[in-house]
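Got some structures for you, see below.
Shared between the two complexes below is chain A, which has chain B as its partner in the first and chain C in the second.
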Partner chain A sequence: MPLLEVKNLCKQFGGLTAVDNVDFRVYTDQIKAIIGPNGAGKTTVFNMLTGVDKPTSGKIVFEGIDISGKKPHVITGLGISRTFQNTQIFKNMSVVENVMVGRHIRTKNGMLKCMIGLRSARIEDSESMDKACSLLKLVGMEKKANKSADDLPVGERHLLEIARALATEPKLLLLDEPAAGLNNEETGKLAEVIYKIRGGGVTVLLVEHDMSLVMDISDEVVVLNFGEKIAEGPPLLIQQDGQVIQAYLGQAVEHA
Partner chain B sequence: MVAVRALLKTRRTGLALYGTAMALLPLMFSNDYYVKVLIILGINILIVLGLNLLMGYAGQVSIGHAAFYGMGAYASAIVTTKYGMSPWFGLLASIILGGIVAYGIAIPTLRLKGHYLAMATLGFAEIVHVLFLQLKDITGGTDGISGISTLSIAGFLFDSPQKLYILVWIVVMAGLIISINLANSRVGRALRAVHGSEIAAASMGIDTAKYKIQIFVLSAVFACIGGSLYAHMAGFVSPDSFTLGVSITLVTMVVLGGMANVWGAIIGASTLTILEEYLKGYEDFNMVIFGLILVLVMVFMPQGLYGAGTRVIGLIKRRFKLIPDTAGEESAAS
Partner chain C sequence: MHFDQFLQYLISGITSGSIYALIALGFTLIHNSTKLINFAQGEFVMLGGLIAISLYSAAGLPLIIAIPISIILVAIVGIVFERLAIRPLRNSSNITLIIVTVGVSILLKNVAMILWGRDPQSLPAFTGDKPIALFGATITPQALWVIAVTVITVVLLQVFYKRSIVGKAMKASAINPPAANLMGINTSNIVMLSFAMSAGFGAMAGVLITPISMTGYSVGGFLGLKGFAGAVLGGLDNPVGAVLGGVVLGIIESLSIGIIDSGYKDAVAFFILLLVLFIRPSGILGDKVREKV
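Let's look at the complex of A and B:
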């Protein structure tokens, strides 16, 4: 059984079809990438997988459960977590607190217990703090734990979002252009982080423009163009696919 | 973990210092009037602590908290004068009424994203004010309600400002401890996350609607308790005390002190309560003056007095103590 199965997924915004009848599967322990020109519908797919957008039609099945149209916090609870292309860090918190927010769904103390400052709430809190610190270490940001998240450069915001997403203990991690704002050396480190994440038993679905990163680390690639899936397969085959080259060349010509 | 413990210790020291100072303050004044002002200050601090949790932490704006303040006061007044019940039932009725009404407003408005809450609370507060004026049989119309009995515990009457101040002090300290605990807890972080990015908060597994509703209800209950204490201190309530101007003053207190900081709430409430005292006799201008302060602070000092204060202290520290560190960083960078 695939970990995630997307069937005939469609999303329309008014007259615009952002995602058009897309199918794909993600298997446990895979690193899978979604690529495609700007506006192809990649982020919209992520938004539907995480409940931010409701699919116009189609189905999303995660571990055998139909999650299409469920609320974001419910889906996170089931084991899907994500980062954002336009980073959505909590600027009003420190770096480590950002990651601690990721522990929310795996911790329990409610309003009353927190108000009273019950011992159980404080113990849970220091556990969240420890977990958050070890995740910051994983992405190489432990030294910045007490900095304000607002002071981070773009690249580190993506890394912080990865740590925060991992704090929810996902089975499937969605990364939306995590290499944006990173230089070559940092991208290399990111690849290592992604391998480590997969090594820890988390399946990764990745949207990325950095082709060398995608071709390096992905087991399989899905290509979207104008909302439609135009190709799917291992990186080597994708690189030789006529339609894919067309889509990217077409874009390059337009831009020129 | 060492850092966390140090932080906890600072917090406790701050709390103990503040608590002691506030406990001793009335001894400086022989005049009852000033003690009454201190009670009003305590009540304002309580309401602003609650409003700060809502606005500063969760980022949800209420321009109608005077309505909850008023509902708390009227509930206490009506329960004690019309039904002759114990003032403690008045306080209980205030809390229950405020909680239920706040929940009723929160459910439809806080499920939506955006500034619906500000609009809804503004309209709600105006309606409540009209009800205070028009439901003459229950509220006494413009005359209000007088002869509200004082609170007592086991025969001990809080019948002088000095005695009532003790009770207000206890309630404010409880509100303060609750705020500090909450602010630095799992739920406090969830509230700040909702403020920081609602979409990311939801994607981290936070039921954003639930927490927005809960914190709105809690802040309303704080205001109702404040209203109830006010009614039993003053012995008299009328619609004039719960106008739109009061709502705006409360918002200004939150913003002036510095949002999302418990001590900021105290600084904001204290500064403006004292300013209001100085402006006695010019009440007509209050709206203008507080509105102006609100706008100026938002434009020039968005972190409020607390934020500005810590920044200045930081600058001074760096200037006089940490020169080698900064210089080292600079030379390393160059």
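Let's look at the complex of A and C:
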């Protein structure tokens, strides 16, 4: 059984069809990428997977459960978590606090217990802190734990979001253009982090424009163009696919 | 003004300022989670006092039981208010929702008038009326209660924000609701929690102030506006600022009685509110408002 199965997924905004009848599957322990020119519908697919947008039609099945149209926090609870193309960190909070917010859904103590300072609440808080610190270590940011999240450069904001998303204990991690704004060295580090995440038993689905990163790390690639899936397969085959080359060259000519 | 006189005004200013601070705290909690100004905030104060009076004098419960029950009941009123009047309209514009809170305020006030009548009522002071001498001035035990409970509440709230995951979730939901929702936080429950806390803090203020200045169905409007002025003064999005703003407002108001005249007390409070809105709309500790180009 696939971990995630997307069936005949469609999304229309008014008269515009952003995603048109898209199918794909993600299997456990895969690193899978969705690529495509700007406006191909990649982020819309992510938004439907995480409950931000409701599909117009079609199904999203995660671990055998139909999650299409469920609320974002419910989907996170079931085990899908994400990062954002334009990073959405919690400003005015420290780096480690940002990650700890992700722990909320896996903790049990309510507000009253926290205010009275019950032992169980204190233990839970310190456990969350330890967990958050180890996740920061995984992405190589343990030294910045107590810094204000506002001061981070773009690359580290992406890494912080990855740590925060992992704090919710996902089975499937969605990365929305994690390499945007990174230099070559940082992208190399990002690839290592993604491998480590997969090594930890988390399946990864990413949207990315950096082709060398995609071709390096993905097991399989889905190509979208104008909302439709035009190809799917291992990176080597995708690179030789006529339709894919056409889609990208076509765009290049338009820009020229 | 002699020092002992000054001290007396200062003490009474800090006492009423603590009440404004608790009310102001309620404004910031709801504003942080919904970006709304809840104009029914003062009615929570009124309800807290009146429900405690009924539980104490009509039902014959001791104060130590009547007070927490009253606070819990008002917190429940806050939850019902959010579920019935705010949540169904959550996709409406803010101005619509703010007008809803004005409507709820009028409704609660009139229901209170029917239930409790028009006469002001009171509670006995928690621990006697014998004033305590302090450097030539005096302070009543009830005033000490007001100040102590406010300080403890503010400290506990900070511990809650700093040391608990729920507190962090609440903070995150205020900063970036969609991202918080995607990180697994049920933001609509957080909104409900903020209404419950806000109503509870208001009720606490109402119970504390009743032995000093009595209460009645109509006290909510003015107390609410004072709390709002305090919150604006300190920064509507900053709980610490709101508490500070409330206390500062109480002190200025009280000193103005000594310097100008007691008749201008309320005018001074609202003059300050206007001044802040003109000069520094984000408040003393609030985030700087970005200049619109």
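Criterion: the second predicted complex is superposed on the first by the 256 of 256 C-alpha atoms of A that agree within 3 Å, B and C clash if a C-alpha of one lies under 4 Å from a C-alpha of the other, contacts with A are read in each partner's own complex, and residues count from 1 in each chain.
As a convention for this text, a residue touches a chain if its C-beta (ideal position, glycine included) is under 8 Å from a C-beta of that chain, and two chains touch if they have at least 3 such contacts.
What you see is a predicted model, and the numbers here were worked out from it, not measured in a lab.
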Side-by-side fit of chain B and chain C on chain A, or clash: clash
First, second, both or neither for A:R82, with chain B first and chain C second: both
First, second, both or neither for A:G58, with chain B first and chain C second: neither
Partner chain in contact with A:P2 - chain B first, chain C second, else both or neither: neither
Which of chain B and chain C A:G233 touches, first, second, both or neither: neither
Touched partner set for A:G39, first chain B, second chain C, both or neither: neither
Partner chain in contact with A:G181 - chain B first, chain C second, else both or neither: neither
Which of chain B and chain C A:P72 touches, first, second, both or neither: both
Set of chain A residues, in rising order, touched by both chain B and chain C: 50-52, 71-73, 76-77, 81-82, 84, 88-93, 97, 100-105, 107, 109-111, 114-115, 117, 121, 124-125, 128, 164-165, 167-168
Footprint of chain C on chain A - complex, ascending: 50-52, 71-73, 76-77, 81-82, 84, 88-93, 97-98, 100-105, 107, 109-111, 114-115, 117, 121-122, 124-125, 128, 164-165, 167-168
Complex contact set, residues of chain B against chain A: 1, 3-4, 177-178, 181-182, 184-190, 192-193, 195-197, 199-208, 214, 218, 260
For the chain A and chain B complex, residues of the former touching the latter: 50-52, 71-73, 76-77, 81-82, 84, 88-93, 97, 100-107, 109-111, 114-117, 121, 124-126, 128-129, 146, 164-165, 167-168
Footprint of chain A on chain C - complex, ascending: 156-157, 159-160, 163-169, 171-172, 175-176, 178-187, 193, 197
